[in-house]
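After this come two complexes, each holding chain A, first together with chain B and then together with chain C.
Here is the complex of A and B:
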């Protein structure tokens, strides 16, 4: 049993961190290494960097483009990410210092618990949408369903662990802090918690190699992060090929008679 | 929204290139073929996969968009061709998936091992047939990208797929016929110098009869200040013709020192919709001609995809640091800093600047019989961001102007559905269905004049409006300018 605790609770977390960060860095570096040969900006494209910053910030904070297509998907996606943020924040508090909850207030701790339940409901909505909506069902692959189911299990297990499994959250926090400060201890011996921990690590290791890599990729989309200065500045294409073009002289020779109709030297003044 | 799973869109598959045009253009594997008998070269699969691998190393946006789509479905009902057919492959994300599934199968670890289960798909002739069908049912209008949370642009996929199709010898006649003419004669219409001269002289005569003013258009004139480039349809197409007369009346009135060219008599660029090489080739005609004539800068007429190239690609492909001179309006002194590098100014920017400086006299009562509305074209609206200038001009030359419904206006526009090589008889029914939301909006606006700034728009709207029994007039923004312009 101790070996299993060591595996899931001490060895795997560090492996996960390496794969997660390494994987995301690898993906981002690969994208970054490929040139953007031309301008591909999309209206409304700003002409300045502060404008681009504002545009990306609005996309990040409010998912502005999604609002253009209707409110249902926007609300689902936006709530999902907001709740994801809340969840990450509460986990971070547990990572760093459980005592912080005393300063923030227990009400917030309770609130975070409810947020976790709404979080599961939102993921369930996104899953149902994939099943029910004919167009979205058509474009959904096994991995799209799989990822949502993995998330749903992860969240539900988290909710259960926190509120019903009887685990001592402060002990969990102590364990997490041990991981963080490189003084790892064995995790609390609670099956629900251990399963939650395991699934979270599976998710984090899969993330860089799945569509969830959009978390770093979205900001690199040239349609959104380019300035609309295509005519004002030179945009370099490193592989711009040389093309063969019929020179004017040979064109003029072919149409000599016709060009003379224009005037001397083929010019109409 | 319902899906039609009978591959409803397959009946609009576009006609193949003739062998002789393939030879003229030096396209790979010139031969006779049909969409049902592709007659592919024996090693087509290796060529196609090598090309895909090459392209994903050349275009960051391609590799990124192959990787980060989450299949959220925000784009699913935004494509006019999906609206037209309900064919699921015409959903932007499903269109992308035709390419993405091959990328997964051959270039990702999961796809190599788990194949179909990981969303991978074998590259076989059946799939190539689907590529040829569906990547030529995308007009590269980029409407889908507006709604995508990551700005994923289906045109990036369409362009890549067409590069691959070209490499294995599959190109559509609707593009290559025009490109071949353009490379040899100088324009898509195959209009030779004498015919162009005839047409221009005829326009001069008409203007003389209408206004009593002698207008003269210089052609191939060395040392002119400005090279004027227009899509070749403007030389004789209807209603393009009235816009063309509008340009030359305007230039005469302000005393512009300009020239047109027979060698670069085409502003449009059908190469854009085939591949990078042919796009660059056609565009290079304009830049080399500008240098040969020794002009200071380039002024471009009303055209959609021509401006996609002039705005977005020309500066990258064909312009070096000592290209031409500062783009300064000789009439107002305005320095068009927006064109500081490429030296190409849009006629709407130019005219709006004239109006702003009150350099032309306009009599709006000449357009008082019209309630004008403006339809944004995809490339000027979604790529250039040229949205306000045409409206500004229209408001200054017409007393009554109305906007279209926001759902198909500005960057959300559904434009002509005939760009991207879809301007062919075999796609007419498809296009008529695809344009319906826009026609509804035009009807609802109550306008009796539809103003456009794209040559393909002008070519197809009269037919669409006739089909939908909406008897209103179609014309260019500079046709309205022409009406209102006071000639002295």
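Here is the complex of A and C:
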């Protein structure tokens, strides 16, 4: 058991961080290095950078483009991300300062528990939607189902850990603080917590190589982060070879004799 | 293969399971009235899905509503497990 505790609680977290950050950086760098030969923004698109910022902010806050997929999908996805944010926030509080809950208030702590339960139901909706809707089922791959099932089990285990496992949250907080300050200690010996921790690490390791990489991808989509200035500005295609341009004056000077031999119509006399 | 009858069958089986569970829990003596209420709520959602499917008839029905209904049942079950029964 001690070996398992060491593996899941001390070794794997650092491996996870390396794979997560390295994978995300790798993917972002690969996307960044792909040339964009033409202007491909989705119109109507803003013509200025502040406009692009506004568009991306609206996308980030309200998932505007998702409304085209129907309001039920939009609501499900929006709720999912809001509850994800709440979950991340509560985890961060547990990470850094568990005592903060005393200042925030017990009501918010309870609320976070309810958020976790609704979170599971929303993920269940996104999963069931893939199963029930023939159109969505047709375009779904095994990885789509797998990701949602992984998330669902992760969240349910989290809910269970919080409500019924009887894990000492202050001990968890101390353990996580130890990880952050590079003075790791063995995690609390609680099966539900350890399984939750393991699944979270599996998810984080898989994240950069899955479609969840839209975490960084949304801001790099040329369809949304380009300005609609195709007529006003020259868009340089990075694939094109560099062409030396010669002004007409020097061209004419260089080929003056030949040009004079040709008549005004460009035909030899 | 027509999936609709299979869906109906599964929903009916689930409803039968709920009825058996209710019988086993015995709400007359059991004090967890909120749990009892949540089971009833789940049944209501199931009946609503039935109604939606029935009213749609042979026409193409909005499957997303079925997913919404099933997700509500999941939510009610989770609340029953984590809050009311806990």
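Some notes on this structure:
Here, the second predicted complex is superposed on the first by the 238 of 269 C-alpha atoms of A that agree within 3 Å, B and C clash if a C-alpha of one lies under 4 Å from a C-alpha of the other, contacts with A are read in each partner's own complex, and residues count from 1 in each chain.
The criterion applied here is as follows: a contact is a pair of C-beta atoms (placed from the backbone, for glycine too) under 8 Å apart; a residue touches a chain by one contact, two chains touch by 3 or more.
What you see is a predicted model, and the numbers here were worked out from it, not measured in a lab.
Of the two partner chains placed by the overlay, only chain B lies in contact with A:138; chain C stays clear of it. With both structures placed on the common chain, the touch criterion links A:72 to chain C but leaves chain B unconnected. Looking at the shared chain after the overlay, A:124 reaches chain C, while chain B stays out of its contact range.
Applying the stated contact rule after C-alpha superposition, one finds that A:245 touches chain B and leaves chain C untouched. Taking chain B and chain C in turn and counting the residues of chain A each one touches, the greater count comes from B.
When the two complexes are overlaid on their common chain A, residue A:159 makes contact with chain C while staying clear of chain B.
With the contact threshold set out at the top, residues 73, 129, 133-134 of chain A are in contact with chain B in one structure and with chain C in the other. Residues 1-3, 56-61, 63-65, 67-78, 88, 91, 93-94, 97, 109-110, 117-119, 142, 145-153, 156, 183-184, 186, 192-194, 197, 217-222, 262-263, 276-277, 280-281, 284-285, 288-289, 292, 310-313, 315-317, 319, 321, 337-344, 381-385, 387, 410-412 of chain B touch chain A in their complex. Listing the residues of chain A that touch chain C in their complex gives 70, 72-73, 113-114, 117-118, 120-122, 124-125, 128-129, 131-134, 156, 159, 163-164. The touching residues of chain C, when paired with chain A in their complex, are 63-68, 70-72, 74-75, 78-79, 82-83, 86. By the touch criterion given at the top, residues 27, 30-32, 34-45, 59, 63, 65-66, 68-69, 73, 77, 129, 133-136, 138-144, 209, 211-214, 217-218, 220-224, 228-237, 239-241, 243-248, 251-252, 255, 258-259, 261-262, 266-269 of chain A touch chain B in their complex.
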